[in-house]
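Encoded as C-alpha coordinates, the structure appears first; notes follow it.
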Amino acid sequence: MSEQWLTSLITDTPQEGYELAIKLSRMGVKYTQPSDEIRAKLRPEYGEDANGLIASSQVIAINFQTVSAANNYWKD
Amino acid sequence: MSEQWLTSLITDTPQEGYELAIKLSRMGVKYTQPSDEIRAKLRPEYGEDANGLIASSQVIAINFQTVSAANNYWKD
Amino acid sequence: MSEQWLTSLITDTPQEGYELAIKLSRMGVKYTQPSDEIRAKLRPEYGEDANGLIASSQVIAINFQTVSAANNYWKD
Amino acid sequence: MSEQWLTSLITDTPQEGYELAIKLSRMGVKYTQPSDEIRAKLRPEYGEDANGLIASSQVIAINFQTVSAANNYWKD
Amino acid sequence: MSEQWLTSLITDTPQEGYELAIKLSRMGVKYTQPSDEIRAKLRPEYGEDANGLIASSQVIAINFQTVSAANNYWKD
Amino acid sequence: MSEQWLTSLITDTPQEGYELAIKLSRMGVKYTQPSDEIRAKLRPEYGEDANGLIASSQVIAINFQTVSAANNYWKD
(Lines give C-alpha, C1' and ligand atoms only; values in the text may rest on other atoms or scores of the structure.)
Protein backbone atom coordinates (compact mmCIF):
# COMPACT_ATOMS: atom_id res chain seq x y z
CA MET A 1 0.00 0.00 0.00
CA SER A 2 1.67 3.20 -1.09
CA GLU A 3 -0.80 5.43 0.79
CA GLN A 4 0.47 6.57 4.19
CA TRP A 5 -2.12 5.82 6.84
CA LEU A 6 -0.19 5.08 10.06
CA THR A 7 2.51 7.45 11.23
CA SER A 8 2.19 7.03 14.99
CA LEU A 9 0.50 4.92 17.67
CA ILE A 10 0.34 7.88 20.06
CA THR A 11 -3.03 9.52 20.68
CA ASP A 12 -4.21 12.27 23.00
CA THR A 13 -6.96 10.32 24.72
CA PRO A 14 -7.99 6.68 25.32
CA GLN A 15 -11.01 7.17 23.08
CA GLU A 16 -8.84 8.30 20.19
CA GLY A 17 -6.68 5.28 20.95
CA TYR A 18 -9.72 3.05 20.72
CA GLU A 19 -10.66 4.62 17.41
CA LEU A 20 -7.11 4.02 16.13
CA ALA A 21 -7.53 0.37 17.17
CA ILE A 22 -10.67 0.25 15.01
CA LYS A 23 -8.71 1.70 12.09
CA LEU A 24 -5.96 -0.89 12.52
CA SER A 25 -8.58 -3.64 12.54
CA ARG A 26 -10.19 -2.34 9.35
CA MET A 27 -6.83 -2.00 7.60
CA GLY A 28 -6.15 -5.69 8.30
CA VAL A 29 -9.31 -6.46 6.35
CA LYS A 30 -8.42 -3.99 3.61
CA TYR A 31 -4.90 -5.36 3.06
CA THR A 32 -6.34 -8.88 2.83
CA GLN A 33 -9.16 -7.87 0.48
CA PRO A 34 -8.14 -4.65 -1.32
CA SER A 35 -11.28 -4.45 -3.49
CA ASP A 36 -13.60 -1.74 -2.11
CA GLU A 37 -16.46 -3.32 -3.98
CA ILE A 38 -16.06 -6.79 -2.48
CA ARG A 39 -15.60 -5.41 1.05
CA ALA A 40 -18.74 -3.29 0.66
CA LYS A 41 -20.66 -6.39 -0.42
CA LEU A 42 -19.44 -8.35 2.62
CA ARG A 43 -20.14 -5.68 5.21
CA PRO A 44 -23.76 -6.71 5.92
CA GLU A 45 -22.52 -10.29 6.32
CA TYR A 46 -20.72 -9.51 9.57
CA GLY A 47 -22.47 -6.27 10.52
CA GLU A 48 -25.77 -8.07 10.83
CA ASP A 49 -24.40 -11.31 12.21
CA ALA A 50 -23.90 -11.66 15.96
CA ASN A 51 -20.75 -13.78 15.65
CA GLY A 52 -19.25 -11.40 13.11
CA LEU A 53 -19.81 -8.46 15.44
CA ILE A 54 -18.25 -10.22 18.43
CA ALA A 55 -15.29 -11.30 16.28
CA SER A 56 -14.84 -7.70 15.09
CA SER A 57 -14.90 -6.45 18.67
CA GLN A 58 -12.23 -9.03 19.51
CA VAL A 59 -9.83 -7.80 16.81
CA ILE A 60 -10.37 -4.24 18.05
CA ALA A 61 -9.62 -5.40 21.62
CA ILE A 62 -6.31 -6.94 20.52
CA ASN A 63 -5.28 -3.80 18.65
CA PHE A 64 -6.40 -1.67 21.59
CA GLN A 65 -3.94 -3.59 23.78
CA THR A 66 -1.15 -2.49 21.45
CA VAL A 67 -2.27 1.14 21.26
CA SER A 68 -2.81 1.32 25.03
CA ALA A 69 0.67 -0.02 25.77
CA ALA A 70 2.16 2.42 23.24
CA ASN A 71 0.52 5.28 25.13
CA ASN A 72 1.49 3.90 28.55
CA TYR A 73 -2.26 3.69 29.17
CA TRP A 74 -2.53 7.50 29.00
CA LYS A 75 -1.13 7.73 32.53
CA ASP A 76 1.70 10.17 31.79
CA MET B 1 -18.32 8.83 17.15
CA SER B 2 -18.62 12.38 18.41
CA GLU B 3 -19.97 11.30 21.81
CA GLN B 4 -17.30 11.12 24.51
CA TRP B 5 -17.45 7.74 26.24
CA LEU B 6 -13.86 6.89 27.28
CA THR B 7 -11.80 9.44 29.14
CA SER B 8 -9.65 7.14 31.28
CA LEU B 9 -8.74 3.48 31.80
CA ILE B 10 -8.24 4.02 35.53
CA THR B 11 -10.86 2.66 37.93
CA ASP B 12 -11.10 2.48 41.71
CA THR B 13 -11.61 -1.26 41.99
CA PRO B 14 -11.02 -4.44 39.92
CA GLN B 15 -14.78 -4.89 39.58
CA GLU B 16 -15.20 -1.42 38.08
CA GLY B 17 -12.27 -2.33 35.82
CA TYR B 18 -14.09 -5.47 34.73
CA GLU B 19 -17.21 -3.44 34.03
CA LEU B 20 -15.14 -1.00 31.95
CA ALA B 21 -13.84 -4.03 30.00
CA ILE B 22 -17.46 -4.95 29.27
CA LYS B 23 -18.14 -1.43 28.06
CA LEU B 24 -15.09 -1.54 25.77
CA SER B 25 -16.30 -4.86 24.36
CA ARG B 26 -19.77 -3.48 23.67
CA MET B 27 -18.39 -0.34 22.05
CA GLY B 28 -16.47 -2.54 19.60
CA VAL B 29 -19.79 -3.99 18.53
CA LYS B 30 -21.45 -0.57 18.43
CA TYR B 31 -18.75 1.01 16.25
CA THR B 32 -19.00 -1.94 13.84
CA GLN B 33 -22.81 -1.88 13.75
CA PRO B 34 -24.01 1.63 14.76
CA SER B 35 -27.71 0.88 14.28
CA ASP B 36 -29.38 0.43 17.69
CA GLU B 37 -32.22 -1.38 16.01
CA ILE B 38 -30.07 -4.00 14.28
CA ARG B 39 -27.98 -4.61 17.43
CA ALA B 40 -31.16 -5.05 19.49
CA LYS B 41 -32.41 -7.60 16.96
CA LEU B 42 -29.13 -9.55 17.15
CA ARG B 43 -28.84 -9.61 20.94
CA PRO B 44 -30.87 -12.83 21.45
CA GLU B 45 -28.69 -14.48 18.78
CA TYR B 46 -25.60 -14.47 20.98
CA GLY B 47 -27.24 -14.02 24.38
CA GLU B 48 -29.04 -17.32 24.02
CA ASP B 49 -26.29 -19.16 22.18
CA ALA B 50 -23.57 -20.91 24.17
CA ASN B 51 -20.81 -20.12 21.68
CA GLY B 52 -21.85 -16.48 21.47
CA LEU B 53 -21.70 -16.16 25.26
CA ILE B 54 -18.24 -17.76 25.48
CA ALA B 55 -16.99 -15.53 22.65
CA SER B 56 -18.39 -12.46 24.44
CA SER B 57 -16.61 -13.49 27.64
CA GLN B 58 -13.39 -13.85 25.63
CA VAL B 59 -13.54 -10.29 24.28
CA ILE B 60 -14.19 -9.04 27.82
CA ALA B 61 -11.16 -11.05 29.04
CA ILE B 62 -8.91 -9.41 26.43
CA ASN B 63 -10.12 -5.93 27.33
CA PHE B 64 -9.78 -6.75 31.03
CA GLN B 65 -6.08 -7.50 30.42
CA THR B 66 -5.69 -3.96 29.10
CA VAL B 67 -7.63 -2.31 31.92
CA SER B 68 -5.83 -4.40 34.56
CA ALA B 69 -2.40 -3.45 33.23
CA ALA B 70 -3.47 0.21 33.08
CA ASN B 71 -4.35 0.04 36.77
CA ASN B 72 -1.20 -1.89 37.70
CA TYR B 73 -3.58 -4.65 38.82
CA TRP B 74 -4.94 -2.36 41.57
CA LYS B 75 -1.83 -3.10 43.65
CA ASP B 76 -0.81 0.52 44.32
CA MET C 1 -24.30 -5.43 38.78
CA SER C 2 -24.74 -4.08 42.26
CA GLU C 3 -23.40 -7.24 43.93
CA GLN C 4 -19.71 -7.03 44.87
CA TRP C 5 -17.88 -10.05 43.52
CA LEU C 6 -14.33 -8.88 42.69
CA THR C 7 -12.36 -6.94 45.27
CA SER C 8 -8.84 -8.10 44.42
CA LEU C 9 -6.83 -10.04 41.84
CA ILE C 10 -4.37 -11.24 44.48
CA THR C 11 -4.52 -14.88 45.59
CA ASP C 12 -2.39 -16.99 47.91
CA THR C 13 -1.59 -19.76 45.44
CA PRO C 14 -1.52 -20.32 41.64
CA GLN C 15 -4.41 -22.75 41.98
CA GLU C 16 -6.58 -20.12 43.69
CA GLY C 17 -5.50 -17.79 40.90
CA TYR C 18 -6.65 -20.30 38.33
CA GLU C 19 -9.97 -20.61 40.10
CA LEU C 20 -10.32 -16.82 40.11
CA ALA C 21 -9.70 -16.92 36.34
CA ILE C 22 -12.59 -19.37 36.05
CA LYS C 23 -14.80 -17.02 38.04
CA LEU C 24 -13.84 -14.08 35.80
CA SER C 25 -14.70 -16.18 32.74
CA ARG C 26 -18.09 -17.12 34.13
CA MET C 27 -18.88 -13.54 35.10
CA GLY C 28 -18.29 -12.51 31.47
CA VAL C 29 -21.04 -14.91 30.51
CA LYS C 30 -23.29 -13.78 33.36
CA TYR C 31 -23.00 -10.07 32.52
CA THR C 32 -23.83 -10.85 28.88
CA GLN C 33 -26.75 -13.12 29.77
CA PRO C 34 -28.02 -12.21 33.25
CA SER C 35 -30.90 -14.70 33.27
CA ASP C 36 -29.98 -17.68 35.49
CA GLU C 37 -32.64 -19.71 33.75
CA ILE C 38 -31.32 -19.16 30.22
CA ARG C 39 -27.71 -19.80 31.27
CA ALA C 40 -28.75 -23.04 32.99
CA LYS C 41 -30.50 -24.13 29.80
CA LEU C 42 -27.39 -23.40 27.70
CA ARG C 43 -24.89 -25.13 30.00
CA PRO C 44 -25.21 -28.61 28.42
CA GLU C 45 -24.73 -26.98 25.00
CA TYR C 46 -21.07 -26.15 25.67
CA GLY C 47 -20.39 -28.55 28.54
CA GLU C 48 -21.08 -31.53 26.31
CA ASP C 49 -19.61 -30.06 23.14
CA ALA C 50 -15.89 -30.44 22.46
CA ASN C 51 -15.52 -27.03 20.82
CA GLY C 52 -17.42 -25.33 23.63
CA LEU C 53 -15.12 -26.89 26.22
CA ILE C 54 -11.95 -25.87 24.37
CA ALA C 55 -13.32 -22.33 23.93
CA SER C 56 -14.13 -22.18 27.65
CA SER C 57 -10.60 -23.29 28.50
CA GLN C 58 -9.28 -20.54 26.22
CA VAL C 59 -11.18 -17.79 28.03
CA ILE C 60 -9.89 -19.14 31.34
CA ALA C 61 -6.33 -19.13 29.91
CA ILE C 62 -6.65 -15.45 28.95
CA ASN C 63 -7.98 -14.48 32.38
CA PHE C 64 -5.27 -16.61 34.03
CA GLN C 65 -2.65 -14.49 32.22
CA THR C 66 -4.11 -11.43 33.91
CA VAL C 67 -4.34 -12.99 37.37
CA SER C 68 -0.83 -14.46 37.07
CA ALA C 69 0.69 -11.11 36.13
CA ALA C 70 -1.20 -9.44 38.99
CA ASN C 71 0.39 -11.91 41.40
CA ASN C 72 3.85 -11.61 39.84
CA TYR C 73 3.49 -15.32 39.06
CA TRP C 74 3.48 -16.10 42.79
CA LYS C 75 7.27 -15.67 42.84
CA ASP C 76 7.46 -13.14 45.70
CA MET D 1 -11.93 -28.54 43.31
CA SER D 2 -10.53 -29.70 46.62
CA GLU D 3 -7.66 -31.63 45.02
CA GLN D 4 -4.38 -29.70 44.91
CA TRP D 5 -2.99 -29.76 41.38
CA LEU D 6 -1.13 -26.46 40.90
CA THR D 7 1.37 -25.32 43.49
CA SER D 8 3.83 -23.45 41.28
CA LEU D 9 4.32 -22.14 37.74
CA ILE D 10 8.08 -22.65 37.94
CA THR D 11 9.63 -25.54 36.00
CA ASP D 12 13.20 -26.67 35.41
CA THR D 13 13.09 -26.66 31.60
CA PRO D 14 11.02 -25.10 28.78
CA GLN D 15 9.70 -28.54 27.87
CA GLU D 16 8.37 -29.11 31.39
CA GLY D 17 6.89 -25.62 31.11
CA TYR D 18 5.16 -26.61 27.89
CA GLU D 19 3.81 -29.73 29.56
CA LEU D 20 2.51 -27.61 32.45
CA ALA D 21 0.76 -25.43 29.85
CA ILE D 22 -0.92 -28.57 28.54
CA LYS D 23 -2.04 -29.47 32.05
CA LEU D 24 -3.47 -25.96 32.58
CA SER D 25 -5.37 -26.27 29.29
CA ARG D 26 -6.83 -29.64 30.28
CA MET D 27 -7.82 -28.39 33.72
CA GLY D 28 -9.83 -25.61 32.05
CA VAL D 29 -11.83 -28.30 30.30
CA LYS D 30 -12.12 -30.39 33.48
CA TYR D 31 -13.42 -27.52 35.61
CA THR D 32 -16.01 -26.72 32.93
CA GLN D 33 -17.07 -30.36 32.51
CA PRO D 34 -16.17 -32.28 35.69
CA SER D 35 -17.65 -35.60 34.53
CA ASP D 36 -14.81 -37.97 33.51
CA GLU D 37 -17.30 -39.98 31.53
CA ILE D 38 -18.58 -37.11 29.39
CA ARG D 39 -15.05 -35.78 28.75
CA ALA D 40 -13.91 -39.27 27.67
CA LYS D 41 -16.84 -39.44 25.26
CA LEU D 42 -15.97 -36.06 23.74
CA ARG D 43 -12.23 -36.70 23.33
CA PRO D 44 -12.49 -38.28 19.84
CA GLU D 45 -14.61 -35.29 18.77
CA TYR D 46 -11.68 -32.87 18.96
CA GLY D 47 -8.78 -35.34 18.83
CA GLU D 48 -9.84 -36.48 15.38
CA ASP D 49 -11.03 -33.12 14.12
CA ALA D 50 -8.53 -30.73 12.55
CA ASN D 51 -10.17 -27.60 13.94
CA GLY D 52 -10.38 -29.10 17.42
CA LEU D 53 -6.66 -29.92 17.36
CA ILE D 54 -5.67 -26.44 16.21
CA ALA D 55 -7.93 -24.89 18.87
CA SER D 56 -6.35 -27.12 21.51
CA SER D 57 -2.88 -26.06 20.41
CA GLN D 58 -4.01 -22.43 20.68
CA VAL D 59 -5.11 -22.79 24.31
CA ILE D 60 -1.77 -24.46 25.09
CA ALA D 61 0.04 -21.56 23.37
CA ILE D 62 -1.78 -19.01 25.56
CA ASN D 63 -1.00 -20.92 28.74
CA PHE D 64 2.61 -21.38 27.59
CA GLN D 65 2.92 -17.58 27.40
CA THR D 66 2.00 -17.41 31.07
CA VAL D 67 4.32 -20.23 32.16
CA SER D 68 7.19 -18.82 30.05
CA ALA D 69 6.85 -15.36 31.58
CA ALA D 70 6.69 -16.90 35.07
CA ASN D 71 10.01 -18.64 34.39
CA ASN D 72 11.58 -15.55 32.81
CA TYR D 73 11.86 -17.67 29.66
CA TRP D 74 14.31 -19.98 31.45
CA LYS D 75 17.06 -17.42 30.91
CA ASP D 76 18.23 -17.15 34.54
CA MET E 1 12.38 -23.11 4.56
CA SER E 2 15.87 -22.40 3.26
CA GLU E 3 14.92 -18.99 1.88
CA GLN E 4 15.80 -16.11 4.21
CA TRP E 5 12.76 -13.89 4.72
CA LEU E 6 13.00 -12.50 8.27
CA THR E 7 16.22 -10.92 9.46
CA SER E 8 14.85 -8.30 11.85
CA LEU E 9 11.65 -7.17 13.57
CA ILE E 10 12.79 -3.54 13.52
CA THR E 11 11.11 -1.15 11.10
CA ASP E 12 11.38 2.59 10.51
CA THR E 13 7.70 3.42 10.90
CA PRO E 14 4.54 1.89 12.46
CA GLN E 15 3.10 1.38 8.99
CA GLU E 16 6.12 -0.67 7.89
CA GLY E 17 5.70 -2.55 11.16
CA TYR E 18 2.08 -3.26 10.29
CA GLU E 19 3.13 -4.49 6.88
CA LEU E 20 5.73 -6.76 8.48
CA ALA E 21 2.92 -8.14 10.68
CA ILE E 22 1.00 -8.94 7.50
CA LYS E 23 4.03 -10.74 6.10
CA LEU E 24 4.41 -12.77 9.31
CA SER E 25 0.74 -13.74 9.09
CA ARG E 26 1.08 -14.86 5.50
CA MET E 27 4.21 -16.85 6.22
CA GLY E 28 2.30 -18.79 8.88
CA VAL E 29 -0.09 -19.85 6.15
CA LYS E 30 2.75 -20.60 3.72
CA TYR E 31 4.67 -22.81 6.15
CA THR E 32 1.47 -24.75 6.89
CA GLN E 33 0.53 -25.10 3.21
CA PRO E 34 3.70 -24.72 1.08
CA SER E 35 1.96 -25.35 -2.26
CA ASP E 36 1.55 -22.03 -4.10
CA GLU E 37 -1.14 -23.62 -6.21
CA ILE E 38 -3.33 -24.75 -3.33
CA ARG E 39 -2.95 -21.43 -1.49
CA ALA E 40 -3.93 -19.54 -4.66
CA LYS E 41 -7.03 -21.71 -4.96
CA LEU E 42 -8.02 -21.01 -1.34
CA ARG E 43 -7.50 -17.25 -1.45
CA PRO E 44 -11.03 -16.39 -2.68
CA GLU E 45 -12.41 -18.62 0.09
CA TYR E 46 -11.31 -16.23 2.85
CA GLY E 47 -10.86 -13.06 0.81
CA GLU E 48 -14.53 -13.04 -0.08
CA ASP E 49 -15.81 -14.38 3.19
CA ALA E 50 -16.52 -11.97 6.04
CA ASN E 51 -15.39 -14.36 8.78
CA GLY E 52 -12.19 -15.19 6.89
CA LEU E 53 -11.35 -11.50 6.58
CA ILE E 54 -11.96 -10.80 10.27
CA ALA E 55 -9.88 -13.86 11.23
CA SER E 56 -7.06 -12.65 8.95
CA SER E 57 -7.18 -9.22 10.56
CA GLN E 58 -6.95 -10.92 13.97
CA VAL E 59 -3.76 -12.81 13.09
CA ILE E 60 -2.26 -9.55 11.80
CA ALA E 61 -3.25 -7.84 15.07
CA ILE E 62 -1.45 -10.50 17.12
CA ASN E 63 1.70 -10.24 15.01
CA PHE E 64 1.48 -6.44 15.15
CA GLN E 65 1.64 -6.68 18.96
CA THR E 66 4.96 -8.49 18.61
CA VAL E 67 6.40 -6.09 16.04
CA SER E 68 5.21 -3.05 18.01
CA ALA E 69 6.83 -4.27 21.23
CA ALA E 70 10.05 -5.05 19.32
CA ASN E 71 10.14 -1.44 18.12
CA ASN E 72 9.22 -0.02 21.53
CA TYR E 73 6.12 1.33 19.80
CA TRP E 74 8.32 3.61 17.66
CA LYS E 75 8.68 5.98 20.61
CA ASP E 76 12.49 6.17 20.64
CA MET F 1 6.40 -37.38 26.21
CA SER F 2 9.77 -38.85 27.11
CA GLU F 3 11.48 -37.51 23.99
CA GLN F 4 13.37 -34.25 24.57
CA TRP F 5 12.33 -31.68 21.99
CA LEU F 6 12.54 -28.27 23.69
CA THR F 7 15.66 -27.31 25.58
CA SER F 8 15.66 -23.54 24.98
CA LEU F 9 13.55 -20.71 23.60
CA ILE F 10 16.66 -18.81 22.46
CA THR F 11 17.43 -18.67 18.75
CA ASP F 12 20.08 -16.89 16.69
CA THR F 13 17.71 -15.07 14.33
CA PRO F 14 14.05 -13.99 14.18
CA GLN F 15 13.46 -16.48 11.37
CA GLU F 16 14.72 -19.37 13.50
CA GLY F 17 12.49 -18.00 16.24
CA TYR F 18 9.52 -18.08 13.88
CA GLU F 19 10.36 -21.66 12.95
CA LEU F 20 10.54 -22.58 16.64
CA ALA F 21 7.05 -21.03 17.01
CA ILE F 22 5.86 -23.36 14.25
CA LYS F 23 7.37 -26.32 16.08
CA LEU F 24 5.66 -25.31 19.33
CA SER F 25 2.34 -25.05 17.47
CA ARG F 26 2.76 -28.51 15.96
CA MET F 27 3.72 -30.05 19.28
CA GLY F 28 0.46 -28.74 20.76
CA VAL F 29 -1.35 -30.77 18.12
CA LYS F 30 0.90 -33.80 18.66
CA TYR F 31 0.41 -33.89 22.43
CA THR F 32 -3.35 -33.67 21.93
CA GLN F 33 -3.41 -36.35 19.22
CA PRO F 34 -0.31 -38.55 19.60
CA SER F 35 -1.21 -40.93 16.76
CA ASP F 36 0.96 -40.15 13.70
CA GLU F 37 -1.55 -41.94 11.55
CA ILE F 38 -4.58 -39.91 12.62
CA ARG F 39 -2.67 -36.62 12.36
CA ALA F 40 -1.50 -37.52 8.85
CA LYS F 41 -5.12 -38.23 7.88
CA LEU F 42 -6.28 -34.86 9.21
CA ARG F 43 -3.54 -32.76 7.61
CA PRO F 44 -5.39 -32.17 4.29
CA GLU F 45 -8.44 -31.11 6.32
CA TYR F 46 -6.78 -27.90 7.54
CA GLY F 47 -4.01 -27.58 4.96
CA GLU F 48 -6.55 -27.24 2.18
CA ASP F 49 -9.13 -25.28 4.15
CA ALA F 50 -8.83 -21.50 4.33
CA ASN F 51 -10.09 -21.27 7.92
CA GLY F 52 -7.76 -24.04 9.04
CA LEU F 53 -4.78 -22.22 7.54
CA ILE F 54 -5.67 -18.91 9.17
CA ALA F 55 -6.21 -20.65 12.51
CA SER F 56 -2.82 -22.36 12.16
CA SER F 57 -1.18 -19.02 11.44
CA GLN F 58 -2.84 -17.61 14.56
CA VAL F 59 -1.40 -20.30 16.84
CA ILE F 60 2.03 -19.65 15.32
CA ALA F 61 1.58 -15.91 15.95
CA ILE F 62 0.82 -16.54 19.64
CA ASN F 63 3.84 -18.80 20.06
CA PHE F 64 5.99 -16.30 18.15
CA GLN F 65 5.06 -13.67 20.77
CA THR F 66 6.53 -15.94 23.42
CA VAL F 67 9.69 -16.77 21.48
CA SER F 68 10.21 -13.11 20.51
CA ALA F 69 9.92 -11.94 24.12
CA ALA F 70 12.31 -14.70 25.23
CA ASN F 71 14.88 -13.40 22.74
CA ASN F 72 14.27 -9.75 23.66
CA TYR F 73 13.16 -9.34 20.04
CA TRP F 74 16.73 -10.13 18.87
CA LYS F 75 17.77 -6.59 19.79
CA ASP F 76 20.75 -7.49 22.00
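A few points about this structure:
Chains: A, B, C, D, E and F, in written order; residue numbering restarts at 1 for each.
One rule holds in what follows: contacts are C-beta pairs under 8 Å (C-beta built on N, C-alpha and C of every residue); 3 or more make two chains touch, one makes a residue touch a chain.
Just so we're clear, the structure is a prediction, and the values are computed from it rather than from any experiment.
Common neighbours of chain C and chain D under the contact definition above are absent.
The set of chains in contact with chain D as well as chain F is empty.
Matching CA atoms, the turn from chain D to chain E amounts to 120°, rounded to the nearest 5.
Ranked by how far their CA centres sit from the centre of chain E, the chains are topped by C.
Two copies of one sequence, chain E and chain F, touch each other mainly through non-matching residues, since under half of the numbers at the interface are common to both.
Note on chain placement: the centre of chain A and the centre of chain D lie 31 Å apart, centres being C-alpha means. Note on chain placement: the centre of chain B and the centre of chain E lie 27 Å apart, centres being C-alpha means. Among the residues of chain E, those touching two or more other chains are numbered 46, 49, 51, 55-56, 58, 62, 65, 69.
Chain contacts in this assembly form a single closed ring in which each chain touches exactly two others. Round the ring, the chains follow in the order C, D, F, E, A, B when counting starts at chain C and proceeds to chain D. Residue ranges on chain A touching chain E, taken from their complex, read 1, 4-10, 24-29, 31-33, 38-39, 42-43, 45-46, 49, 51-52, 55-56, 58-59, 62-63, 65-66, 69-70. The touching residues of chain C, when paired with chain D in their complex, are 13-15, 18-19, 22, 46-51, 53-58, 60-62, 64-65, 68-69, 73-75.
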